[in-house]
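What follows is one structure encoded as structure tokens, with my remarks underneath.
Going by the order they are written in, the chains are A, B, C and D; count residues from 1 in each one.
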Amino acid sequence: MIRLLVTGGTFDKEYDEIGGTLFFKDTHVDEMLRLGRCRVPVAVETVMLLDSLQMSDADRAVIADRCRACDETRIVVTHGTDTMVETAAVLALSVPDKTIVLTGAMIPYAFGSSDGLFNLGSAISFAQVLPPGVWVAMNGTHFAWNEVTKDRAAGVFVRRSDGTG
Amino acid sequence: MIRLLVTGGTFDKEYDEIGGTLFFKDTHVDEMLRLGRCRVPVAVETVMLLDSLQMSDADRAVIADRCRACDETRIVVTHGTDTMVETAAVLALSVPDKTIVLTGAMIPYAFGSSDGLFNLGSAISFAQVLPPGVWVAMNGTHFAWNEVTKDRAAGVFVRRSDGTG
Amino acid sequence: MIRLLVTGGTFDKEYDEIGGTLFFKDTHVDEMLRLGRCRVPVAVETVMLLDSLQMSDADRAVIADRCRACDETRIVVTHGTDTMVETAAVLALSVPDKTIVLTGAMIPYAFGSSDGLFNLGSAISFAQVLPPGVWVAMNGTHFAWNEVTKDRAAGVFVRRSDGTG
Amino acid sequence: MIRLLVTGGTFDKEYDEIGGTLFFKDTHVDEMLRLGRCRVPVAVETVMLLDSLQMSDADRAVIADRCRACDETRIVVTHGTDTMVETAAVLALSVPDKTIVLTGAMIPYAFGSSDGLFNLGSAISFAQVLPPGVWVAMNGTHFAWNEVTKDRAAGVFVRRSDGTG
């Protein structure tokens, strides 16, 4: 059994047709698992629905609490990409002995061209086979939490080049 | 670098609007990798485009040849689901020392509701971390080639119950 | 109020993931009207779900009966394209004084690339403004029932060239 | 031949994956006409790509100029919904003797759930059969320019209730 913690991010943004803006209503993760015909048992839990630029230290503490508290030892966290690496660092320091895979999307799932379905299939797969630790799974790749950074200009995750990872 | 061998299957079926039937034209795998913003280097090679019910022993020998001949040691094979397990057995006997992951879809990618994008993200992920051997990756799960069978009535892959695996 | 009679056709074909073939389950017209945010009152009635190549004279008589029997004087009929013109001729001879617009699709709506949503918007629009008579509305065009034929090789509707229309 | 003037609006908004916002790049109208397999000759011309809340009197004058200058007497204008009625009024006063149909969408076409394809099919159909004048075609309905208002709270176009139309 995999625990999937929803925290928001581009994954779950929708178009508000009255205001013409993007907003959160509900997570699409259940629909995505159904579409992917996922047969791995996944317990989906919406912890919050936030743009990760709005995420505070207190929010990250809540996510860490949920990771520690759940029975499952294999966890997927859907998360906005902008601060995914920061949350990964918090989880690495506060949740020992579990395999935690953070994933997200560059395009909202509600847009037909979403990378979310691909990333979700990837994250659920990595969560089953990677050893305990905190990982970022994006675009088919996976990185240990301290070996990755987001190149915001290019909109992609890359290996950290500063050697401090 | 991952080698991805296209052999056809539901993944790549399209709708022929003149005849009102399903047929193969080209693979959609390149488009799917682009949509998934895949950043793992993947060398895509179309070996054949067949409904797997039409696949002969000679066809399977060609696929095995391509697995052996390529430089890469991590290989994804897209394949129709009906005889995916048969092909997996052939590859297990004839391609030593490589990690080969077979995947497919229950719904053509050209249909919006395809499970293909989810499965492709999953297969590419498993191919990076599983040890040498032949694996079937469908619906988020992975099975060793000799532990899986397709339940054709239900349209899903399940663990073999006969203990011979 | 427009009466919309569903008779099947490519519009409503779905993919059977067990058998790998196309089949009919339910009409997608309600979902399509919701997607199009249609605000014209439309009473949807499923008369039959047939590939139009399978449609018999008795089936056409049933459609004509439903056209005559309903209160509405403006009717849209969704129909397979292969024999749409034949059905139009039957309706022209047996349903006086109503505006009837037949429409369909070359690609099933369940495929993302369907022309069905475009054609449905078109047919509902023509049905509101065309005078009594039987019309075929496809691909943004409209033809009187006796001025149109399907070019099956090209998969399009064209003006009849035999001058008998 | 129909002239189709693109002015922007929700129709053509895209998701900017770097900034996480909506923006304009190119019109999707050509792709939509191809998807709808439109066989009415349509000359597409991008006049501007604006959110209609940003549209100035000068912009409206440009649109009116294009309507007057083109050879075609049947014109479709794609337009943001927020000020579609204002532009319709300008066109009504400055472009005599042509049939002009304004249309738009509540959801960007790039979102899979767009009403744009339905509305485009509808607008192109109304443009062929309505008499000279300026019309708003949304959600399957059509209104004369002076009989319609947008209910912004509900996000729909309704008949004006003030009797001044």
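Annotations for the structure displayed:
Just so we're on the same page, a residue touches a chain if its C-beta (ideal position, glycine included) is under 8 Å from a C-beta of that chain, and two chains touch if they have at least 3 such contacts.
Please read these numbers as outputs of a predicted model, since none were measured by experiment.
Shared contact partners of chain A and chain D: not a single chain qualifies.
Compared with chain D, the chain whose C-alpha mean position is the greatest distance off is B.
The distance from the centre of chain A to the centre of chain B, with each centre set as the mean of the Cα atoms, comes to 26 Å. Centre-to-centre separation between chain A and chain C, using Cα means, comes to 45 Å. Taking the mean of the C-alpha atoms as each chain's centre, chain B and chain C sit 39 Å apart. For chain C, residues touching at least two other chains, in rising order: 106, 112-113. Taken as a graph of touching chains, this assembly forms a single closed ring in which every chain touches exactly two others. Here, these are the chain pairs in contact: A-B, A-D, B-C, C-D. Remark: chain D residues 32, 35-40, 42, 106, 112-115, 117-126, 128-130, 137-142, 156-157 touch chain C in the complex. The touching residues of chain D, counted against chain A in their complex, run 10, 15, 17-18, 20-22, 51, 82, 106-108, 110-113, 152-155.
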